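Worksheet: one structure, shown below.
Chain naming follows the written order as A, B, C, D, E, F and G, and within any one chain the residues start at number 1.
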Amino acid sequence: MEYVYAALLLHAAGKEINEENLRKVLEAAGVTPDEARIKALVAALEGVNIDEVIQKAAMPVAAPVAVAA
Amino acid sequence: MAHVAEWKRKEVEELTRVIKSYPVIALVDVAGVPAYPLSKMRDKFRGKAIIRVSRNTLIEIAIKRAAQELGKPELAKLADYIQGGAAILATDINPFKLYKLLEESKTPAPAKPGAVVTKDVVIPGGPTPIAPGPLVGEMQALGIPARIEKGKVTIQNDYTVLKAGGVITEQLARILNALGIEPLEVGLNLLAVYEDGIVYTPGVLAIDPSEYINMLQQAYVHAFNLSVNTAYPTKQTIEAIIQKAFLGAKNVAVEAGYVTKETVEDIFGRALRAVLLIAQNLPGELLDEKT
Amino acid sequence: MEYVYAALLLHAAGKEINEENLRKVLEAAGVTPDEARIKALVAALEGVNIDEVIQKAAMPVAAPVAVAA
Amino acid sequence: MEYVYAALLLHAAGKEINEENLRKVLEAAGVTPDEARIKALVAALEGVNIDEVIQKAAMPVAAPVAVAA
Amino acid sequence: MEYVYAALLLHAAGKEINEENLRKVLEAAGVTPDEARIKALVAALEGVNIDEVIQKAAMPVAAPVAVAA
Amino acid sequence: MEYVYAALLLHAAGKEINEENLRKVLEAAGVTPDEARIKALVAALEGVNIDEVIQKAAMPVAAPVAVAA
Amino acid sequence: MEYVYAALLLHAAGKEINEENLRKVLEAAGVTPDEARIKALVAALEGVNIDEVIQKAAMPVAAPVAVAA
């Protein structure tokens, strides 16, 4: 999932998720980037609303034990 | 009352004595209650209440006399509720409890033409033991969804044939009896109760216990919320207060992405869920073996 | 709700919820007790296991749902 | 919870929740009032909108999620 | 909730939750401690296993089902 | 969590969550403050609306019982 | 969350999550690393079994059911 983490890192940093940026981040993490996968990822993420996805993932998972409320 | 028969005089005296010696005086209607159920009721209330069946006129006189002798004018108003075959029920039982007891001790009884039902009469859907015959037509005439199936009369679905307060017709009585449905209730009908200067009528006395249960729960929830939201600790709420503080702190740390032993799982979980959700949008060949 | 709070107060204090006690508590709170309401409350609560009722109010219904990821 | 019930009773009765009133209600319920608890309650309720607080859910709870995948 | 956060801070720091310590922490946070509330909190925490209680709260298992009031 | 509790204590007390204040509260609780953690926390909380986060978490549940008043 | 994504990216790439590596990845993503946050993150992750945490976090999460308010 390195590629997706790299994409999310760029997104969180406010940077564009493009081939160039992904390549840099992956290399910094010691990963030799696979060009085909980078291209595919950039293409696939086009049209994905990442903020929305993150929002969905952010649901706190904490539940009370004995409540009434 | 110069020419009043001796037994009547004694009867009124006795009734007056009973009325004067109990704090709670109820008028009940025993009309239509057979002797046997009445004696069962007497057994049920033995030691807790006295039931005196008498003539309405004598009961009226006794109530008014007792009211005068006790100096309780409100008691006299009880006489206004005499109807049917009235009887006096004298007890210590709180009027609301008494009403509940009387209602609970009613038993179902078969339909009688001319009788008024106190509850909706529902004919349940399903097969019946009735063989095909003219009754089916009569049922259909009343709107009952009856049909012949496999040689028996079957009711297609639950059907309310008479609303509460309605009068049973001769035809309906025949149908209900054939179906074995008992829409009437036999028991002591409470007309009114006097206690402590107040005359209570059935409309007031019919309380819904579930409403009180709800109120109790609501009151408890109010207390719980007040205690936890103001952090005023009690034995019952201290755990919730700690949990609230902990969860609040944890949620803030997670939201801020501040990793601690307690938040690492949630924070990583968020990141991971985001990755997994995004991965769903990706073509299969992009995903490595870990997916 | 005064009457119900008074009832729960008596219960929490280990006292019987009867007409006499309710009257005393309500009067102490400056409420002129309505006899009919007191009697109705006492009758309604007769035979009710208050601890159990409260317990139910406080119990969360555990309904975990598995979420496929 | 006696103290909290006493406070709610006073509130429902439209009376001020102060030490004096709490003491009277608790005594009427057969509770010997603990001065520290009374003072703590009065302090905790200072400036609190009771109507609001009793309705507000007491526990932090996970937001509803409907993550299906 | 100041008092409760102060107590949890002491607990997390491995310190005893007593009147003296609560007072010091609250004062450091610029709060003038209310003696009654401190006493009430210390009394309420007696016999409570905080780690266990937190453990229970942290379990992402179930949410209470709610019904509108 | 000491640092987070300290931050929320300050927040509840209406005080600013800054390095100076965190240090004072932690020291009062007997914790020797770790500068990196203090700085990291202050940085992480920047832009976080604490009231909202706490509130949000607490919102979804209403009262457990439907009530006829 | 940049720091968290960076850490998870390193982990997914089979690299150690240390200050040096985090710094490199963050810089590659165009983020000017905050030394305190890096230090604090590394310190917080000390002794944490990330594989285990990820395992738990990724498991079909028991999510709270939607709750009516």
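Here, a contact is a pair of C-beta atoms (placed from the backbone, for glycine too) under 8 Å apart; a residue touches a chain by one contact, two chains touch by 3 or more.
All figures in this text were calculated on a predicted structure; none of them were measured in a lab.
J.: By CA centroid distance, what chain is farthest from chain E?
T.: Of all the other chains, the one whose centre lies farthest from chain E is B.
J.: Greatest Cα-centroid separation from chain D: which chain?
T.: With centres defined by C-alpha atoms, farthest from chain D sits A.
J.: Any idea how many Å lie between the Cα centroids of chain B and chain G?
T.: Centre-to-centre distance between chain B and chain G: 59 Å.
J.: What whole-number Å value describes the gap between the mean CA coordinates of chain D and chain F?
T.: Averaging C-alpha atoms per chain gives centres 24 Å apart.
J.: Round to the nearest whole Å and give the separation of the Cα centres of chain F and chain G.
T.: That pair's centroid distance is 21 Å.
J.: Could you give the separation in Å between the centres of chain B and chain E, each centre being the mean of its C-alpha atoms?
T.: Computed from C-alpha means, the inter-chain centre distance equals 44 Å.
J.: Would you mind listing the residues of chain B that make contact with two or more other chains?
T.: 211, 215, 217-225, 231-232, 234-235, 239-240, 243-251, 257-258, 260-262, 266, 269-273, 275-277, 290
J.: Would you give the residues of chain A that are in contact with at least 2 other chains, written as numbers and ranges?
T.: 1, 5, 8, 56-57, 59-69, in rising order.
J.: Residue numbers of chain E touching chain F in their complex, please.
T.: Within the complex, chain E touches chain F at residues 1-2, 5-6, 8-10, 12-15, 21, 24-31, 63-69.
J.: Mind pulling up the chain B residues that touch chain E in the complex?
T.: 218, 231-235, 238-239, 241-250, 262
J.: Contact residues on chain D for chain B in the complex?
T.: 1, 3-5, 7-8, 40-41, 44-45, 48, 50, 53-60, 67, 69
J.: Which of the residues in chain B come into contact with chain G in the complex?
T.: Those in contact with chain G are residues 257-261, 264-273, 275-276, 290.
J.: Give every residue of chain B touching chain A within the complex, in rising order.
T.: 220-221, 224-225, 239-240, 243-244, 247, 250-251, 254, 266, 269-279, 281-283, 285-286, 288, 290-291
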